[in-house]
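Shared chain: chain A. Partners: chain B in the first complex, chain C in the second.
Then we have the complex of A and B:
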């Protein structure tokens, strides 16, 4: 049984690609055979987050144009040999792949993988349609910010009209701000979006560090975001994992920030 | 003085997270229904025309808006009636 999941958001910069990379590596660590498809043609980045940018020979556009089969375009991960990336072209634009062509490729790939994760571009134009068409269900990534939540709502409406099941991942939560009442909390986001949440990812500097290295935080033992992503992986695998309370800054840490740091 | 103290201790009169929540609720109500302010104004004018056939209404105090109840959206109109027109009264 394979599952095809699209990771989408509407707004750019909320962590679609980061979530795709972490979920992909996390599922591979758990022994699944996984393919990640980057559909952000012209602005691809999934290759960078996985450390695979120098191994790309062919792309999704080559597959669509029937120059190669998808198997030739797949890039195998160095460390997790059951993890593959199907990169997209950095020179073509979103019109290079139409939704029907994408559907054909996804259906051809299905039998070979346990999970296919599709990284969707920002926006609601053709790129979105192309990314979504072959998916069984969708993960909507948002942030506790007013603009990101509004755009998530728009995307949720679009996905619902296509009868896709939807799960939510809330990224870059800053627990101290939530505690202080200067950032939307999960209760408010839940009240507004009414979508089942499978991830609450704290803001974590290590995500930037991990992107620098091309090693997703999900495999970092000492990362709060990595730990939260491991829980997302478990929930995608159908396990019932409770949400852990966030660590907020204690009195002394705050004092340290005031003096000296 | 109180305001100054509040500023020093980082408090403010309203939590911005609550403000964001309220603003989102309002903006999404309009986003979801896809009804422009112009259409709302047209609905309001049409309601005035229809009701005015039977009653005199206070147009300035009239309010027409969309409100949501958990998962459904309702068009709520508050129309203050000044008087019922004579010919429509039951004799």
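Then we have the complex of A and C:
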């Protein structure tokens, strides 16, 4: 039986789509059959991060309007044959997909996949309702900054009133700033949100590079964010993985920078 | 019979806890736990159970309070014969110019009813979870939150507010004019405190409190003092 997970945050730009792409690829690497659904209609990005834009023929909106079945709209990943993307339309807007219609599609897809990940748009309007309705549980993505934590709190309240189980991923942590006390640490975040954390992702320039290339960092061996995402994948699979301490810039690393090594 | 160990005497001002003082405290506690778990009608959510002061030690009182709170029952140590009847001194004052909509709504809707039933704020709404940003809790009586009140959340009570956790949101006690209402929290660090028609804002550089604190109106101003509990 499949698990349907919605990836949401409230605030925009904290890394919902990045998390969805990395989790999807990571689960596929671990041999799971995975479908990713982009519900950010009108502002779709998930296809870009996966390098699949040019393969899109039909979208979620076509499926909702019954022009095609969902099977025809699914785009297979070029490298991982068990990973599929159900893209959304870049032309339509959020009102094109009604929550009930979304629920029907997700229910129909359940039999075919081990995991269905739904990439939620920012905001708390209809797009949020559409993304959340079919999900068994939710991953809330936030960043160690006050606005992102506030919005995550609001979203967690909404999800709890719909009885969804919630896990937290904290993205773009800058270990040096946390160490210096200029960035919220995990304790202060947990103080407010108090939900189970399954991911602490360090800020990593390679994420930008990876987006441009359409290859999520979870595949990259030498990326700190990639390694953290691999741990998130393991935790989603139910494994008990300890959190690794972050590498902060020590004296010797700084020295190396000075001497240009 | 275990029934005889602990008795509950009903009065107009709540339910009084009575038991044989010769019996060991652990037996009393056990009996109360059994009663709570049996789902007796006495223990509806928000029921107030009181005991005369001086019968139990501080730590025993705390243990009972904890036990009752787990079942959303409120436990008070107070003289039963002399219930506090709140004054309604500010009832006739004009509303705060910058008060929010909920304040005005609640005030006009309930003002008449409140005068007829002076025991209104004996009623207690119990919220058994953390109140998160964007959520609002409204009650004509008092409100007990077993959990945190997060920033962006609003708690508006006709009576007093008790937060068994960290209070970081906006809290308004005595929202219909009761200036004897108060606010207690394990950690009181709200964005704003309102009692009756008074508004207080904590200083920008306020440090995190170390223990429970109580906010109330004294000499027309909201003051905050530490309390034991």
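Throughout what follows, the second predicted complex is superposed on the first by the 251 of 261 C-alpha atoms of A that agree within 3 Å, B and C clash if a C-alpha of one lies under 4 Å from a C-alpha of the other, contacts with A are read in each partner's own complex, and residues count from 1 in each chain.
The working rule: a residue touches a chain if its C-beta (ideal position, glycine included) is under 8 Å from a C-beta of that chain, and two chains touch if they have at least 3 such contacts.
Source: prediction; values computed, not measured.
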| item | value |
| --- | --- |
| Touched partner set for A:153, first chain B, second chain C, both or neither | both |
| Partner chain(s) touched by A:209 [first = chain B, second = chain C, both, neither] | neither |
| Touched partner set for A:178, first chain B, second chain C, both or neither | first |
| First, second, both or neither for A:125, with chain B first and chain C second | neither |
| Partner chain(s) touched by A:188 [first = chain B, second = chain C, both, neither] | first |
| Greater chain A contact set [chain C / chain B] | B |
| On chain A, positions contacted by chain B and by chain C | 150, 153-154, 157, 191-192, 194 |
| Chain A - residues contacting chain B, complex | 146, 149-150, 153-154, 157, 178, 180-185, 188, 191-192, 194 |
| Chain C residues within the chain A interface of the complex | 129-135, 148, 150-152, 166, 168 |
| Residue ranges of chain A touching chain C (in the complex, touch as defined) | 150-151, 153-154, 156-158, 160, 191-192, 194 |
| List of chain B residues in touch with chain A within their complex | 10, 15-18, 20-21, 23-25, 27-28, 31-32, 71 |
